[in-house]
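By letter and in written order, the chains are A, B and C; residue numbering begins at 1 in each of them.
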Amino acid sequence: MQRNASTDSIGPMISTRPLLAPSVILLLIWMIVPLALTLWFSMQRYSLLDASAGGFVGFRNYVFLFTDPNLFNALANTIFLVAGVLVASVVIGLACAVALDQQFPGRGIARLLCIAPFFVMPTVSALIWKNLLMHPVNGLFAYISRTLGLPVVDWFAQWPLFSVGVIVAWQWIPFATLILLTSLQSLDRDQVEAARMDGAKGLRLFRFITLPHLARSITIVVMIETIFLLSVFAEIFVTTAGGPGNASTTLPFLIYKVALLDYNVGWASAGGVIAIILANIVAYFLVRTISHNLDR
Amino acid sequence: MERPLTQRIFAAVAGWGLAIIMFFPILWMAMTAFKREPEAIASPPLIFFEPTLRNFEQVLDRADYLHFFFNSVIVSVGSTLLGLAVGLPAAYALAFHPGKRAKDLLVWMLSTKMMPAVGVLVPIYLMFKSAGLLDSRIGLVVLYMLVNLPIIIWMLFTFFREVPREILEAARLDGARPLRQFIHLLIPLTAPGIASTALLSIILAWNEAFWSINLTVSNATPLTAFIASFSSPQGLFWAKLSAASLLAIGPILVFGWITQRQLVRGLTFGAVK
Amino acid sequence: MKSVVLGGLAAMLLCGSALAQTTTLTVATVNNNDMVVMQRLSKQFEEQNPDIKLNWVVLEENTLRQRLTTDISTNGGQYDIMTIGMFEAPMWGERGWLVPFENVPAEYELDDVLQSVRDGLSFDGKLFALPFYAESQMTFYRKDLLEAKGVTMPERPTWKDIGDVGAKIHDPSNGVYGVCLRGKPGWGENVGQITPAANSYGARWFDEQWKAQLDTPQWKEALAMYVDLLNKYGPPGASSNGYNENLALFASGKCGIWVDATVSAGFLADPDQSTVIDKVGYAYPPYGKFDKGNHYLWAWSLAVPVSSKSPEAANKFIYWATSKDYIDLVAEETGWATVPPGTRRSTYANAEYIEAAPFAKITMDTIQSADVNGPTQEPVPYRGIGFVGIPEFQSIGTAVGQEFGAVIAGQKSVDDALKASQAIAQRAVDEAGYPKK
């Protein structure tokens, strides 16, 4: 680790090496050892279920994955899912935060109810939504639309990616709410009152005072959620299994489907390497583009 | 300044409306847990029914709930404590003695979080096997610590950066050594932030399902594995599944509700302002 | 506590066993009803064998399969007894991962176990798993609905008959759907059901040179028929209905006809689960043009991995759980209709069982007539009726199942889906290097 005498540094020049070492070494092991193994496996013909498979195959596993007709579809689905859930959770999370920031009776309880979904395991929430709510025969939504004389929507067949998105968004809206609510409460009330005196009202007030104040928190929500959303798996596994067709197959699920199901370690590893590279690209741009926001 | 009545009514309706919509799936699940199986899929859905504990009896009869529960507690709390022990010094170094690469290092740490589990299951499984960590709580504690460490370090980093430099400077002039500074000044100053980091880490570890199911057999199985034994068995299963789900999320939900004030208080100190 | 220890000591002395302490067996099993009963009744086994303690791992099917495959293929040694099916048993046996059942004690009466089931669990003449229960397919229908419309179900219906009868009783405004079939994607879900139907139209997955055959007219005819039935007479959401969903629909009186696993007969006769107990009629599984390969064969079976540290104790438990005595025990506890079906000739020779289970003959006939080694009209290089017995089939079947699901959901045409399926299957076997050797 390089040291410098930047103004940020506090106190005598202590060596940061012993402080950083444990976490860096641990993360390196966690990152590098599987990565090295994965890189090595990704160039092998290696199937756990097929003893006859073996030997170095170079980039053949990568070629196999890159020629998969579903790869680009899976990438597109991943982007749609992540982007959709991000937008939904920020917008609805903001609405919840603003609503819960007002004074009204029972606000404390309402807040507890609003953040509850964040504590639910992904598998459980997928099971609840699939079986109790969205099921086209026994589900509550089907009953409601039948009662209203509307056609019954078969959610996971007609709107697979959207339905998965709804479940994932439901789990992450509370996180956005929590962060944005926290941020709202630290908004300078005097400033708001002053703006109100100047005749700023409702939406204008929100647009020019509240929203800029929230910019940093929104950035944080986007960053943290992206990290988690890129690896969404359980919700898809439990509900659509990537279907119908490949309508809700995302990149992690594609890797699972073409490689892990067969225990073809070569393909799974190649998929893993591709995903790691993509993740780093995303992380790089994400953090670069928003880092000025975090620096403030 | 008192707001007009209509506005206050609107605020109440909006707040409660959103809260009820968000909470409804959990409420519906909790209600289903107390229904009999045929009632669970009855049409029209039953809102009033005679509650039964039969589902809970059957679920508890089949699996030793407390065993799963304690594993979840041990693993999530253990991994969080370990994560703090490793993460605190790192965050301190990054916040107060940043090198040129500090930011790159943070980015890199966060990117390890995006490693897709399905792609590296086999290498990790083989590592765990050779280390004798399969089906051990220690193994899961270490794994979750690694999985959550980037988030822990990043959050702690944001809290540390908010500490006014003058305070630390004053302490230094008084002759406090870095370690003393750290323990007697920095930790108390950022305690709410550390608490909310710990809470988040506990919640994330509690809900992780992929590794916990694939790396455990019976000794170390947490509640996520408990759920895996109740999802989609044959026959009517909605009510039993709901009962099992309620048992699995109940503790963390209550824990989250009790501690949400600390969570929010901590967040206001650092990352969010 | 002390008495247990003393009892254990006494038992050990009596047996002259050299065991110094109790053996713990880790049993991995699927969360189906019959296994839950086994878990409950196994307390009796522990009482009879105080030196053996059982440690149960009960998981949902897909999770279980993933868990067990990881463990056995890496020689993990975490389990002593594994619950596996006909897909895994011969494949894992071939790779030397399972302890073969040799020198089975005479009192177990191995000959009593149905031949076709034993064949399905063997490789190269060696038996690698003992069946806990076995199933094939049959047709369930609602006698009352058919009577009301004055139609009858032939004893051996064709798929056309299913459509004709289904059309008569289809009454969605009253919440009754004519025909329920599986549409949920998965090699063990819709693919496992559509493949036997396709076999009966003369289709096959691969020819003898491992060229995929999914774009053939036979497949088109079969898939079009299946999808047509669901579109015309199926329940809403058929594309996400798997076994459980259909069982729930039929048991709650929402289906007129249902073609699926023979074990369902037991659930439909259980008053705790079913509202149609006395209204169910049973017929043979439907066929298209040929009756060869029109019904699959599956057996949930118990096997011992070579990595087990106590294979002898594990064998002891398996002999107990798959014995005639165990079947009698279940009959005593919960009645004859609920005993694990499809494994032993003696069950079907038992007058009490025949009395309690009107579906017994069809179950027995379909299981015995299923030939996993000759599943199709034209020759194939693989084994399995509802599946292709190669490791790659899990992902091929899953991907193809999603194509089928997309057709059922109305998002793709039969032709497009089969064209895509053809490409998926061919790509996978080419890359894996078939034909081998």
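FYI, a residue touches a chain if its C-beta (ideal position, glycine included) is under 8 Å from a C-beta of that chain, and two chains touch if they have at least 3 such contacts.
Quick caveat, the model's predicted, so the values are computed rather than measured.
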| item | value |
| --- | --- |
| Number of steps on the shortest touching-chain route linking chain A and chain B | 1 |
| Pair joined by the larger number of C-beta contacts - A-C, B-C | A-C |
| Separation of chain A from chain B, taking each centre as the mean of its C-alpha atoms, in whole Å | 15 |
| Chain A and chain C: spacing of chain centres that average the CA atoms, whole Å | 37 |
| Where chain B and chain C are represented by their mean Cα positions, the distance between them in whole Å | 38 |
| Shared-contact residues (touching 2 or more other chains) in chain A | 48, 138, 259-260, 263 |
| Chain C: positions in contact with at least two other chains | 66, 70, 74, 248 |
| Residues of chain B touching at least two other chains | 41, 43, 121-122, 126, 228, 231 |
| Of chain B, residues touching chain C in the complex | 37-38, 41, 43, 61-63, 121-122, 125-126, 129, 134-135, 213-214, 217-218, 221, 225, 228-237 |
| Of chain C, residues touching chain B in the complex | 26, 28, 31-33, 36, 39-40, 55-61, 63, 66-67, 70, 74, 76, 78-79, 175, 242-244, 247-248, 251-252, 267, 272-273, 275 |
| Chain C contact footprint on chain A (complex, rising order) | 47-53, 64, 69, 135-138, 142, 152, 154, 156-158, 240-247, 249, 257-264 |
| In the complex with chain A, residue positions of chain C that touch it | 66, 69-70, 73-74, 91, 95, 184-186, 235-237, 239-240, 245, 248-249, 254, 391-392, 394-395, 398-399, 401-403, 405-406, 408-412, 417, 420, 423, 431-433, 436 |
| In the complex with chain A, residue positions of chain B that touch it | 1, 3, 8, 11-12, 14-16, 18-20, 22-23, 25-26, 28-29, 32, 41, 43-45, 86-87, 89-90, 92-94, 96-101, 103, 105-107, 109-124, 126-127, 145-146, 149-151, 153, 158, 165, 168-169, 172, 178, 181, 203, 206-207, 209-210, 223-224, 227-228, 231, 238, 241-242, 245, 248-249, 252-253, 255-257, 260, 263-264, 267-268, 271-273 |
